[in-house]
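Per-chain residue numbering starts at 1, and chain names A, B, C, D, E and F are given in the order in which the chains are listed.
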Amino acid sequence: MSENGITMVDENGMRLDGRTAEEHRPIKIEAGVLKNADGSAYLEIGKNKVLAAVYGPRECHPRHMQNPTRAIIQCKYNMQAYSVGDRKRPGTDRRSTEISKIISEALENVVLTELYPRASIDVYIEILQANAGTRCAGLTAASVALADAGIPMRDIIPAIASGKADGHVLLDLNKEEDNFGEADVPMAIVPGTDEIVLLQMDGHMTREEFDRAIEMGVAACHEVSDIQKDALRRRYSAEGCE
Amino acid sequence: MSENGITMVDENGMRLDGRTAEEHRPIKIEAGVLKNADGSAYLEIGKNKVLAAVYGPRECHPRHMQNPTRAIIQCKYNMQAYSVGDRKRPGTDRRSTEISKIISEALENVVLTELYPRASIDVYIEILQANAGTRCAGLTAASVALADAGIPMRDIIPAIASGKADGHVLLDLNKEEDNFGEADVPMAIVPGTDEIVLLQMDGHMTREEFDRAIEMGVAACHEVSDIQKDALRRRYSAEGCE
Amino acid sequence: MSENGITMVDENGMRLDGRTAEEHRPIKIEAGVLKNADGSAYLEIGKNKVLAAVYGPRECHPRHMQNPTRAIIQCKYNMQAYSVGDRKRPGTDRRSTEISKIISEALENVVLTELYPRASIDVYIEILQANAGTRCAGLTAASVALADAGIPMRDIIPAIASGKADGHVLLDLNKEEDNFGEADVPMAIVPGTDEIVLLQMDGHMTREEFDRAIEMGVAACHEVSDIQKDALRRRYSAEGCE
Amino acid sequence: MSNEIISEIRRDHLLNLLAKGERADGRAFDEFRPITVETGFIESADGSARVRMGDTEVIAGLKMIPGTPYPDAPASGVMSTGAELIPLAHASFESGPPSPDAVELARVVDRGIRESKMIDMDDLCIEEGKEVWMCFIDIYAINHDGNLFDASNLAAVAALRTATVPMEQYGKGEDRPLKTTCVPISVTMAKIGNDLIVDPNFDEGHIASCRLTVATDENGDFRAMQKGGSGGITVAELGRCLDMAVEKGREIRDILG
Amino acid sequence: MSNEIISEIRRDHLLNLLAKGERADGRAFDEFRPITVETGFIESADGSARVRMGDTEVIAGLKMIPGTPYPDAPASGVMSTGAELIPLAHASFESGPPSPDAVELARVVDRGIRESKMIDMDDLCIEEGKEVWMCFIDIYAINHDGNLFDASNLAAVAALRTATVPMEQYGKGEDRPLKTTCVPISVTMAKIGNDLIVDPNFDEGHIASCRLTVATDENGDFRAMQKGGSGGITVAELGRCLDMAVEKGREIRDILG
Amino acid sequence: MSNEIISEIRRDHLLNLLAKGERADGRAFDEFRPITVETGFIESADGSARVRMGDTEVIAGLKMIPGTPYPDAPASGVMSTGAELIPLAHASFESGPPSPDAVELARVVDRGIRESKMIDMDDLCIEEGKEVWMCFIDIYAINHDGNLFDASNLAAVAALRTATVPMEQYGKGEDRPLKTTCVPISVTMAKIGNDLIVDPNFDEGHIASCRLTVATDENGDFRAMQKGGSGGITVAELGRCLDMAVEKGREIRDILG
């Protein structure tokens, strides 16, 4: 039983939604879902529904933000008004500013920005429905959208959160687990090197718990990576048929 | 008797303020009322009091809004704080944004914008006192101000609203009629061709009622047009005397 | 006894904090307190605590604000959130906009702006703790910061307020005196010529009272001037030792 | 080749086609693109719909929240409509506060719903003068290929027709369907040269001289109209638009079911 | 000829005139332009006035609304003054949030009225600690030919003196006149070279090194002052300004009646 | 020489030093700059601290105000953290709304304090469901020479530990110290090439590929983390960072006393 008196994991190690500790929610990714964008992806993980679109490389506005040696990546993470329990007022808030920033930084790790001096690569993440884990879902979708746009990248970034609830280290908390949980550790890696490119943590974790969360997260990122690649494979073969 | 149990038109077809169905409120227009503006007009229609001023053609700021082949018309419709029953907070709201847009579009129809590539013709409409029909009053005044500024135009646009109250199709609803009315149809025409350049409708109207409203409105626009021309004639003769 | 029934000056002419009518609160100025700024100063007067920093002359942004014949002085006066009794919301308000404007104008009187066409000299005043008289404290500190930055000036501006409380004309009202006071007269002079470069007044004063307030203020400005020069002297000798 | 030249060539091509009575995508002048309406797509919303009209795609979601009524209508619910032209949907859309285009879109959709009295506002009173349901309709353009007006109207209407009043969430009893009455359907026509076409796609909208959006109810009565663009329209053309709006409105109403 | 050169020539011309004791429009140094005050012009306002001072024109309107008092003054009304330098009034004015000039203008007018205690704030209490009248004074520049300070002060003062408390509109009984006491009159002087002139027009204000606005009451006591501009003023010059402000203030008070 | 060339030369210099195991200011890789903490500096605040970390300087101030609790936590106080990167502190900081850097800084400091439950929120209830204390922590950068995260965390924590609940000011009884529990200490590491250093100064932060901020409690447990920058970090490097964060966190906790 957790601090809050709510049982999240039963005696057999099963979670309320029937998952084991190391299991992520069902993930569905579809690449190339939008006509206008240069690249796009739709992703569901559990009850999260996310769209990502890429425009660029294109001219960077305003000009004073241009970098003469490489492209900049400008990600905008946005929760749509009806995506959450209470209506979210349209417009940027502090949370979305922070998430946009760390996702942009993670993507800069893999995109060959040096190929496009002065340009901007614009990544738009829209959360249609939110159920814990939207920043990782958004980054995972954005990576697929970048690949769909044909942007040269060293690797494709998967992301997932691990966390702690009811005293257990668990992968990919859903909303109920997150609300009553004790910690959350969103992360993203470069699959080819296992380097961590996005990492946040809040809550309360001992060293052993945190090490376990990282171990679980890295392993799960590889699973997410396979799903990303599969979506791109389907996209390319669909394109071949067109 | 209207849906709301309020009688707006008596058994003789007379309205509360003594007008017939096809009669507009008294209109007064004076051109050239402001020293600084390149052109200006003051207009009263019933209890509405409106000022319009034109500056331009002049350099367009910001530059990315410039059109290389013609001038753009930038109209700003603004209700002054004390012009309405409750105080209106200064600043642009969604209503004024929409009205500014449709008035700009109507004026683009007649101004020879192709003569002034890259320039801006700025039209400012200030509602000093509002009593239903301000957008038409504003457009009517703005047209006179453009002519006063000597901006080359194919024609001078008059505007007026027709509507429905107490089950009757009526011209130029005043505030009381509008508050309890069933429909409002603001419109503007090019008098030389009878082409409609501004048209909105909200409320509830059958086809016959709407056709009647348009018929009434077009006819009244010609009356407004005469008053506009008269104001400009007085302006030019006054200038001659100066 | 004042209008409010509160005694501010006792029968011996002593104020609640033990000062005479013509006495300013203790003033402490330290120049060169910030590493990054081109010039800086920290000032305390009574319970006021103020930091001023100068950056420039540097390129002026946005460009349309550049003056082709001289530098512009852009002062930003800012009250920190915790500096006042109630928390002040971060961001510019109308009071700080006005104060920034009149301080910029006062400083333009003495800075040789003609030496730096198109440039901007940026002056930042941060009120860490406020206790009546912050605009004068800020201008006094800003003048020292400009000198510390080595900006060529005709003179160094001191500022102080006089005022009226409990029926007496008093120098440098503190917060309690100001809250229950009858008038406030912030001023700044060019010490070399006694010309007044900043002057405001609000409240109620007869001509004699006002004349007395000016007389007192001008005299006190010279005292402030000495403290400014002393701070700069200490700063230069400290630099010599470095 | 510069963008302007490409755009000029494309324009001439479209005009030539129209002169022959054809549209670039093979449609008749009075033919809508294929329309699909999917409702209940967003479970976090109290009503939602995704509408595809050719390559144009929009999502509308409804959130209902208890709030205070306006003093002059103490027993009536409150509605508010927002439209976001997010940069994901088109290269020309920018982040930031709503553009005039987004404001106009939201207000035209709002007027259609408000003036047709589609939502039974009296049914949204919780306690007279104290508490009523506030309905927030939020519309997001997902892919913009023209005629966002009709797609947005349809998405909003479909979301409202399938909406649930979230009574339980706010401890007000059992969830119940939102009561709707009239269904306003918006039909947009564009004038290109002297031709009138319905449901203009992006390219057609781009070269049109003006646009007319007309919302009709089940009886073919008019509930809202909005002309856009600087071109003029004759009274005769207006009449043909109104005929079209009534006829096409019926067809679309049938799709809604 | 470039704008700068024209402006330079105009400046020299004005300075030459002043050296001869003359102003471009023929006024004496201590002479205001013709002033007209028209009150009650805006029926939707609870008080209004249009002031013309030469070619400078401003409108001030008052709206009174019941609201909550400040906790530290539970029995006092609330006042707030805004000034809008709308682009209609001068080519240099821009749309958008108030510029520093507009903010300064509003605050100087506000201080004159507030510090003279012109409005009897205690008379504006409806229910102590619960409800008081809030007075919103909104000033719009209509045509800017200099000295907006004095024109705005005069318009605000005239609007207040002829204002009605809208009791009926809010169900508080019968309408009654707003109670005012002291009438603060603002007089603005400009320093050009070593000359002091009152009521500077646009060109004079443009070349002035500094400006002093002084608000006086019926007794010739001072209620508010504001120096503007980067030029300095000597104590002797200040004294002459104060004399002028008292004298001219009396003249303008007579115009108000 | 252009700024870019200077910056390039400076970068190479720092990298050469690091290759030799040295830092430009002579510190060991795991060594903080000298830290001073001065509390109670701002008397108008309910708690305040000025922290100097080498040439980096920040001030944090606390204001406590009675307010309404959130409906889902009716007996808990409320906290809010803001950070202002004012232009006084660095030539690159601009006036205006908080930049993404300022937002991130505020949120990371906020998370450390919030997640460690440093403030006893239940002790801040005045009347359940009606009134609770709202804690506003405002952080101002005064001079930015790198590692604003740790300096800001330390200032906020020191301000909270020495804070007073202003009971008297709001007529709630006698002033009393704010109850705090856990003390979260943040330690920031930067990765430059393959080296990890603590407390990066401005130049080091500028050339670092990434940054990791770790907040630990008295037990060495983790309460908040934030990686920044586009560089990647291996799991092994992460482990070394965590060891360092725990060890350095203890040292800084001792400074706080």
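We adopt the following convention: a contact is a pair of C-beta atoms (placed from the backbone, for glycine too) under 8 Å apart; a residue touches a chain by one contact, two chains touch by 3 or more.
Quick caveat, the model's predicted, so the values are computed rather than measured.
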Starting at subunit D, find the fewest moves between touching chains needed to arrive at subunit E.
2
Using mean Cα positions as chain centres, tell me which chain lies farthest from subunit D.
C
If we define chain centres by averaging CA atoms, which chain lands farthest from subunit E? Would you check?
A
Distance between chain centroids, defined by C-alpha means - subunit A, subunit F (Å)
26
Per the centroid of Cα atoms for each chain, what is the distance between subunit C and subunit D, given in Å?
58
Could you work out how far the Cα centre of subunit A sits from that of subunit B, in whole Å?
52
Got the subunit E residues that touch at least 2 other chains?
none
Where subunit A touches two or more other chains at once, the residues are none
So with touch defined the way it is at the top, what topology do the chains form here? Options are line, ring, star, complete, other.
ring
Just walk me round the ring: subunit A, then subunit D, then whatever comes after, in order.
A, D, B, E, C, F
Parts of subunit F lying in touch with subunit C, wherever the complex brings them together:
41-46, 48, 55, 57, 59, 61-63, 65, 82, 84, 86-91, 95, 97, 136, 138, 140, 142-145, 169
In the complex formed with subunit E, which residues of subunit B make contact?
34-37, 47, 49, 51, 53, 55, 58, 76, 78, 80-87, 90-92, 122, 124, 126, 128-131
Can you tell me which positions in subunit D touch subunit B when the two form their complex?
98, 100, 103-104, 106-107, 111, 114-116, 212, 217, 219-235, 238-239, 242, 246
Quick check on the complex: what are the subunit B residues that touch subunit D?
94-95, 97-98, 100-102, 105-106, 108-109, 185, 189-190, 193-207, 210-211, 214, 218
